[in-house]
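Just so it is clear, A, B, C, D, E and F label the chains in written order, and each chain counts residues from 1 on its own.
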Amino acid sequence: MMVSNETLELLKQSSSATLTSVLRKKGFKNTFMHRVAPLNPGSKMAGPAFTLRYIPAREDLDIEPLDNLTDMQRVGIEQIQAGDVFVIDAREDTRAGTMGSILAARIRVRGAVGVVTDGAYRDSPTIAESGLPAYAAAMNAHTNKTIHHPSEIQIPVACGGVAVFPGDIVVGDGEGVVVMPPQLASEVAEEALEMELRESFILTKVQDGAMLSGTYPADEGTLAEYEQWKQDRASD
Amino acid sequence: MMVSNETLELLKQSSSATLTSVLRKKGFKNTFMHRVAPLNPGSKMAGPAFTLRYIPAREDLDIEPLDNLTDMQRVGIEQIQAGDVFVIDAREDTRAGTMGSILAARIRVRGAVGVVTDGAYRDSPTIAESGLPAYAAAMNAHTNKTIHHPSEIQIPVACGGVAVFPGDIVVGDGEGVVVMPPQLASEVAEEALEMELRESFILTKVQDGAMLSGTYPADEGTLAEYEQWKQDRASD
Amino acid sequence: MMVSNETLELLKQSSSATLTSVLRKKGFKNTFMHRVAPLNPGSKMAGPAFTLRYIPAREDLDIEPLDNLTDMQRVGIEQIQAGDVFVIDAREDTRAGTMGSILAARIRVRGAVGVVTDGAYRDSPTIAESGLPAYAAAMNAHTNKTIHHPSEIQIPVACGGVAVFPGDIVVGDGEGVVVMPPQLASEVAEEALEMELRESFILTKVQDGAMLSGTYPADEGTLAEYEQWKQDRASD
Amino acid sequence: MMVSNETLELLKQSSSATLTSVLRKKGFKNTFMHRVAPLNPGSKMAGPAFTLRYIPAREDLDIEPLDNLTDMQRVGIEQIQAGDVFVIDAREDTRAGTMGSILAARIRVRGAVGVVTDGAYRDSPTIAESGLPAYAAAMNAHTNKTIHHPSEIQIPVACGGVAVFPGDIVVGDGEGVVVMPPQLASEVAEEALEMELRESFILTKVQDGAMLSGTYPADEGTLAEYEQWKQDRASD
Amino acid sequence: MMVSNETLELLKQSSSATLTSVLRKKGFKNTFMHRVAPLNPGSKMAGPAFTLRYIPAREDLDIEPLDNLTDMQRVGIEQIQAGDVFVIDAREDTRAGTMGSILAARIRVRGAVGVVTDGAYRDSPTIAESGLPAYAAAMNAHTNKTIHHPSEIQIPVACGGVAVFPGDIVVGDGEGVVVMPPQLASEVAEEALEMELRESFILTKVQDGAMLSGTYPADEGTLAEYEQWKQDRASD
Amino acid sequence: MMVSNETLELLKQSSSATLTSVLRKKGFKNTFMHRVAPLNPGSKMAGPAFTLRYIPAREDLDIEPLDNLTDMQRVGIEQIQAGDVFVIDAREDTRAGTMGSILAARIRVRGAVGVVTDGAYRDSPTIAESGLPAYAAAMNAHTNKTIHHPSEIQIPVACGGVAVFPGDIVVGDGEGVVVMPPQLASEVAEEALEMELRESFILTKVQDGAMLSGTYPADEGTLAEYEQWKQDRASD
């Protein structure tokens, strides 16, 4: 299912905290990746997941030189589409990298908007500098093949304890990564934006000294005030 | 690739310690599952792996009543062949069971010779009593769907930190579970049996007071003694 | 809220696996303690929780000789009522015991029907032999005061990752410990018993060769068969 | 027991390393929170603890909309006094946030000087930017209610493996958080300041090439030198 | 320092719980190994530590065939004296065994009274059956060389989070392993025996219905009763 | 074995990712420290290891005032040579610091080029500011003696799961720390530099749009291009 660029742009305007709240109201309670953090605090991305799954390495599986036509990591990278987020299931094992700076560069050239792993990156300082939004559980210079064998692409994976299906919408900010089914993306984006707006209004009120009671959650009076504020704002 | 029953019987006559040693000599160093233990100390099994892979549960995926025709755990169980070992990749997450006693009974009726998970079982006391060799990282009464969604059958999986491909030969004893590619099974079985015999000879010598030096590893003299002992034994 | 002895007896006739399933249907999905196992595989208990909460030890808090009139662990033990289960929140820290054999004996004399901790016991072999159902995450000979300070009794606690309120019904079997609000105990007991019966019928069918489809979950035909079987059984 | 602002100001002039050393000399060896780090490296705070304790969430406990008059997190926040440090016991469970930016803002408006949790914050980038000293074990966008139920305020808690009583003095710097009983605060502050001064003298000597022997710990000669330096400094 | 056989025999008559309590009174608070358990619940042993230390394996260090004259594990085993307890520092890494059944047999023939590791054994079922008291954190069939390189013998080691010096007295029972400096062994043995006796008296009183207050800890009255009981017992 | 300054300078010009790759080709697969990160992202260092090994603290071992002539941490620091990297085995235990800012200053004055621990530092903000490259698993203000006893210097140690022998070459960058035997340092330095050059060529090509196939790994055509580029570059 295609999610429009407009929706993806809207999703990037909400924080991962707001998005998880909206998803929770829709019954999805396990949507934020555990122990996966941005390499750069200012990261921001949104796009459909392109998944890669690692299993534990076995000595006979990954013989050098690596063959770009059969190695599933490489095959996957050459299939990534513009706008995708590359999501790597590394079984939360950080004893080796899952990717280095050259592959990250190729991913970027192909138009991907971010990379996510619940393992580690190698060359992580270079990846961080490159500007590609990148999320991981650790840094590790060891090449993937010591610990990880690339097994499949574009199947459902686990990443940071969250289920990620190919095409799921993956949104990252300075806090981490949230995942949602694509059919929910549009309504989540809109509800989140509304919630962001309402919460920014509430935040201002709180900063101005309002008590929590009546303000957060907003009671009828506060909601009316908010609607008025929104209207005033719109008519500016 | 088919492995003969004779080979499987031979494999059961060797300990998992001997099998990992033989595999190590062939270059396979990560073949024993980590943190996976038998429910019964006297367990013994060998057979080809039939794999099931769980990913993290998501609220919309597993709606009750469960449909045996689409739920991959159930679909898999009804495809298991006589002699198989059912291997479940639970991402080492023990916060819920991966299977209970009724499914274990069905697996047994279908002729499977063992079950393995790097998660937990529910009804584990009943499974333990049933006599079906069963290996797990823990016991947990919660049903799988709280934490796990059955995603695929018969694809490569990670179990206890070891890669397991469908058809890989899985051998279990009172220590745990070892995995090997099927094309190695026959030679591993024979070399392991020879190693078991040699080590039982060495063990007797050590119990009789032999020093390690010259005995373990065996030097030429000890090896000659061993060959003589083997010959005497054969001619009895 | 008082739960009748009859209900407690019924609860003991169901497995923790069945109880968690019934609770799950009522919306309670986190009811089984994680990483807490019985000292004796044959353990069985049910009763209201009497809670003790430990916080980290501080050198000025627990001066010897310990005063039975102010030490909250001791105060609590002398308030336990017949039928209670003593539940200790040890923050899953197993670096010291939470109780030894003399206190376990006192708890038993007071009529408690079990003890549970997400920490460790000291004198655990003696406690195991005593016959008092006891559940823990480990064995550790160190006395509690090295690591733990008894802070409160009879307040809500965390044990094995589960919320336990004073008076919650705590049921243990050979798999572990399940917790439920007392107002649910009676209906859970009855539904669980019915489920146990139905599943024992299903188990027999599966052992006799029935496929999962139509049997588990039971379709209308199987349910009718089951009702007939129940009726026949009742009229025996 | 009240601790003066002057003492709190003095405490902020010492590092957490110096404070733990002084406390250790007084017999307190477990005073620094484990795995709790500042969101901002330049953080600095000191004040009495206002405590909140979470237990594991249960589905019936936290019904939306949340009621500010009964939800203990909210009740607590509205009771925080100017100068307090808000300390949250989250059982070191980082699978959800313990608080977000709006509540952090309210806490700040109420005059609190810092927030500490051994769990995670949501909206952590916003909290970090707000300038409120904030310490946590992780970032997690999930709302607290997924995992945590606010159970009590102002009771003794565990935070980062350290006992924290309401009113305990909590001091944070770029390394982390140290906790001490209020009755010790004044003398700890003074001894720490003296130790800071002495160690800055020693550090200068070491940077100028002094060997450790005679210098650190300071022997009589070095101490005399130090006293002279202090006197000279005072008379400047 | 030599510890007499009589002292060792006395130590075996006390539980590890009693021994840690006596050691704690002498200021030693970290004497019981964490996460190290007996292979057989009925285990009992006491003797001076003979230590082996593993570091992480490196591919060039352990070339096959292994040389008994230079491999420090083997060198150590051939130096063990009758009565020793073999203590292996495996950095709590259980990804491989630290020893198998043939070496355990050699250790036993040499007169050692037990083996302890904070790693794993391979051939653990065989070691368990052999009757040699054996303690470990896990079972793992992989040979040590995959993960561990034997680096030194008879130097101070860490085992289960406890410092163990060569010659330290190591006592094991069904709960686990306690370590003490040899110069304390004799007085610890005697005080522990007295404590065991007193606690068995107290346990009987508690089983007969005595309240904790006045009994445990024993007040003057109880102590007098105990002295009388001891005297009566002695004169039987 | 002495490694020339020129070699050390070359090693600093390669990333830890490149160095682990070159070492892997030589058969060394476990050379990068796990969970050890730089205090400053821009860190860079190379030098021979000077090792210190901690064991768990015991109450009688470290009496104050500490004696610089017998405390092995202090003895070691005064033996460090210019150019050394101080490597501390803390058993990955971060419950206390392994060193503070004054000792770090002394180490720096002695000419050491970096410090590494798999435990924590205290005064870590001051150490970070000092400019001395420093790597650790955490920050912790507690002094080492609470948890750690300095046992030996200049023996083989484990650090971050890697074997480190005295004199091994330790190289650190913004990703972490890699260790190699000194006899390999020179050839590793040269091969790594060549690999860095080749990969920077490949990276440019990839950034310019080259597909992975034929480029990474480089096929004959790409290698020829690269050789030409190198030649052109040299003749500039």
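Quick note on the criterion: a contact is a pair of C-beta atoms (placed from the backbone, for glycine too) under 8 Å apart; a residue touches a chain by one contact, two chains touch by 3 or more.
From a predicted model like this one, the values you see are computed outputs, not experimental measurements.
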{"item": "Touch-network distance, chain A to chain E, counted in steps", "value": "2"}
{"item": "Those chains which touch chain F and also touch chain E", "value": "none"}
{"item": "C-D or A-F - the one linked by more C-beta pairs in contact", "value": "A-F"}
{"item": "Chain whose Cα centroid lies at the greatest distance from that of chain D", "value": "B"}
{"item": "Separation of mean Cα positions, chain E and chain D [Å, integer]", "value": "40"}
{"item": "Chain centre separation (chain D, chain F; CA means) in Å", "value": "32"}
{"item": "Centre distance in Å when chain A and chain B are each reduced to the mean of their C-alpha atoms", "value": "37"}
{"item": "Per-residue multi-chain contacts in chain D, two or more chains", "value": "29-30, 161"}
{"item": "Chain-to-chain touches, reported pairwise for every pair that qualifies", "value": "A-B, A-D, A-F, B-C, B-E, C-D, C-E, D-F, E-F"}
{"item": "Chain C partner contacts - residues on chain B that touch it in the complex", "value": "65-66, 68-69, 74, 77-78, 94-95, 97, 100-103, 105-106, 109, 122-126, 138-143, 146"}
{"item": "Residues of chain B defined as touching chain A within the complex", "value": "27-30, 55-61, 91-93, 149, 151-152, 155-158, 161-163, 181"}
{"item": "Interfacial residue positions of chain C with respect to chain B in the complex", "value": "15-17, 19-21, 24, 29-32, 34-35, 37, 41, 161, 173-176, 178, 199, 202-203, 206-207, 209, 211-214, 216-217"}
